[in-house]
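Shared between the two complexes below is chain A, which pairs with chain B and chain C, respectively.
And now, the complex of A and B:
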């Protein structure tokens, strides 16, 4: 069944277009950094990290991941997840899929697996293209990062990481962001089982990100009570890997939160899809 | 002399057995209401009834797409539920063709074949492609197909793997006469091959043309069911076009089986009566020197409108022709 779902996705222009836009983003980002003046210091993420693109091409994937993890990547993930079941319903082909002697759970999880794999591919592609484009533009050198939140007028918190270590940490960053997309994926996927309009499901997934941004104590300290339970707020903790004072204490809570969101919404998707009357 | 026990033929399992099937929708409407229906193997059954009479929901329950609120539906003796094994013996076209729009007709059929193979069946892609008769268009994206081409493709998918039961929901809706004829030809060929066919339609003539049996649904209930001949026979009536209407009426009124003769036009009359035999009428008119230029016997459509559609359900819920 997974092969059938792959077949559909890999004969679809939209799939290539989405992945192409993701890859293109990294290329455009690199070109923009070169064109703007790569010697200037960039403020990256919420910490923020201070990076000089010209110092190493490895700054580009860090910038690319940081600048996409809160909206662009969630949109891509919501697109793949939200389209999976609702897209089939909108074409009218869902009823023919479930009218076969095959459990609905199998159909559902095959779709989920393919949508998740495509989401993961998009994230990996973004990082790989950014590394390649950054390498071509600036060369791969040890990464020098200034942690501005830990720096003072008297002390500059600078960490220098070797190329192989940076590659490893970028790998961890990709895994961490992938895990951080689980909540958005699950919400969009659940909505996808309830509607025949893919856009509704995609919008639902993106709304999770937006709501997270609204209830973010970094910007609005008064919402601290709910901040901890917002699925997308600690997605940037991976950036601490590149600082001397890495504070990764929030990671277990964030991963647990993702797991809870994932189990709840995928469970709802399973519950709903296996019971729903297919009228589409 | 040794006594030999008579050998009993094994009971024939109905292709479809619907028992007290009820479906209440979330908006509170009872779409199917205590429906009982049996379809024997090899029958071609046409389901008719006004919109909202429960035809499509019943067909969807048979395909495991909709869960009944109560009652049950069995196909070849096995209860239907989502993903039921017996669905492997069913081909379907419900609520129009639904295909992946950006894939070609061939690739869509290939997907359907793969799914059949996945569930232990076998299907011949080449044969299905040939059946569509789409020629080179089979490699064009489905989204570029005309209405008729889409239905052809859907019929080919429904027949993939040689199903024992074919469930079709208004298979000829929106088709031109040639396309309708093609669908009828395919249905007849399937029926000759022993496939049981159940389909819904709003075309009464289609029932008479294709079906061996019919079920009339109204308000989710079975109003009547039986062979088409039986259902048509329930309203003995013929229409005659006469050279001399008044003379003809006089002759017809003398016949014992004629209960009523009414003028239906300047030269036409409608004759009603129990056990009308057309040849007796014609012979009597001929003997009296009254020429007959046209003859039309009762049709399924006449039966439908006369007996079932206009006749309210009885308070106990049973229709006039409930078996």
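And now, the complex of A and C:
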């Protein structure tokens, strides 16, 4: 079942196009960095981390992940998750699918598995292409990062990480960001079971990240209380890996939060889809 | 024609839920700030600073400030992108055009209604923020600190009487709507080119992202003033809440937005007039 679904979803122009845009982003980013002066310091994230692209090609995946994790990647994830069931319904073939001698939950979960695999693939692709393009452009050297929130006029807080350690930490970053997409994935997937218009499901997933961005204490200090419970706000904690102090205390809370969002909305999806009157 | 279009769109639950989400977010922001941290200063635009519990009028501006970056552009792209391609996706566009009405009028009424909804989206954010804010913090004069001009010698403080504050909020709403014109026009253009509302909405959102990305690349600095969506253009609305207000950049903003509107809507007009409508 999963294999059939994979075949159906992967060999779609839209999937190729989306993955192509994701990979293209990393390439365009590298070209833009080369073209507009790679010796300039880039400010990355809210800390912010200060990076000089020319010093090492490994800065490129850090920049690529940081600049996409709050909108572009959630959009891609919402696209795969939101299309999964609603897309089938909009083609009018959902009823033939559920007419087969197979439980509805198996259909649902194979669709979820494939959408999740495609989302993960997009994320890995982004990081790998950025790493390759960055390496080609600037070479693979140890990564040196200045943490400007810990730096003062007298002391610059610089952490230098060797190439293999950076690769490991980027791997962790990719895992952490994929875990952080779980909430958006689950919301878009749930909406996908309730509508036959993929736009509604995708827009709903994107709206979750946008609402999260609105209720973010970094931009609106007054909403501090809800900041920790918003689905996408702490997605940037992985950046702390590249600082000397590496304050990762928020990570368990964030992972738990993602698990709660995931269980609730996937549960709703399951509940809804197994009871739904499928007419499309 | 406009009335028919308006009635048709007013009956759509999707449109009401978009406006409902915007209203709910404004109210939720006010409620959270009111309950937990009314005394924490909040930023407006790039340089403004207000203390929420000093006056209910702060919340209209805070709500605008927090929604205008992503939420309002998405709503505008939805209204504009759905306009023509929504009709096409229902398969009723050809019947609409078969009626004894010129295509231009069909397009014009659709664009006008989508424009009204977009204006409503911005207004809903401001009005619900304002009403919730007045309920929470009361009808007091509004004071805004201009951090750009604040120094040990001058506080950069601007004060507005309640009625002035009301007028300034209305003005800010109009300016924020004005900065959405290019996004709106581009989504309308996409809407006339495709039968899939999804692509049209995505096109509108894409414009804002590409434009912001170009705006942020240091090498393209000279391009900045001519891009449809920029950080400086987005932050300009807060100037009407300062004293003295620096209004020098508004004519340029209006000109750029008008130019994009003419180009994109003109292209939409040409495309829609020539298109072979099959759905």
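Operating definition for what follows: the second predicted complex is superposed on the first by the 280 of 280 C-alpha atoms of A that agree within 3 Å, B and C clash if a C-alpha of one lies under 4 Å from a C-alpha of the other, contacts with A are read in each partner's own complex, and residues count from 1 in each chain.
The criterion applied here is as follows: a residue touches a chain if its C-beta (ideal position, glycine included) is under 8 Å from a C-beta of that chain, and two chains touch if they have at least 3 such contacts.
It should be emphasised that the depicted structure is a prediction, and the values quoted were computed from it without experimental measurement.
A.B. asks: Assess the superposed three-chain arrangement around chain A: do chain B and chain C clash, or do they fit?
C.D. replies: fit
A.B. asks: Check whether A:104 is in contact with chain B, with chain C, with both or with neither, and answer first, second, both or neither.
C.D. replies: So A:104 only meets chain B here.
A.B. asks: With the C-alpha centre of chain A at the apex, what angle separates the C-alpha centres of chain B and chain C, reported to the nearest 10°?
C.D. replies: In the superposed arrangement it comes to 80 degrees.
A.B. asks: Quick one: classify A:91 as touching chain B (first), chain C (second), both or neither.
C.D. replies: Only chain B is touched by A:91; chain C is not.
A.B. asks: By how many Å are the closest C-alpha atoms of chain B and chain C apart after the superposition?
C.D. replies: It is 14 Å, taken between the nearest C-alpha atoms.
A.B. asks: With the touch criterion stated at the top, can you tell me which chain A residues are shared between the chain B interface and the chain C interface?
C.D. replies: In chain A, no position sits in both the chain B and chain C interfaces.
A.B. asks: Tell me, which parts of chain C touch chain A in their complex?
C.D. replies: Within the complex, chain C contacts chain A at residues 14, 21, 25, 28-29, 32-33, 35-38, 40-43, 52, 62, 66-67, 69-71, 74, 78, 197-198, 201, 209, 217-220.
A.B. asks: Looking at the complex, which residues from chain B come into contact with chain A?
C.D. replies: It comes out as residues 60, 63-67, 82-88, 90, 92, 94-103, 107, 111-112, 114-116, 118-119, 157.
A.B. asks: In the complex, go through chain A and note every residue touching chain B.
C.D. replies: Checking each residue of chain A against chain B gives 1, 3-4, 7-8, 11-14, 91-104, 274-275, 277-279.
A.B. asks: Could you list, by residue number, the parts of chain A that touch chain C in their complex?
C.D. replies: Touch residues, chain A against chain C: 32, 35-37, 40, 71-72, 198-200, 202-203, 206-207, 210-211, 213-215, 219-226.
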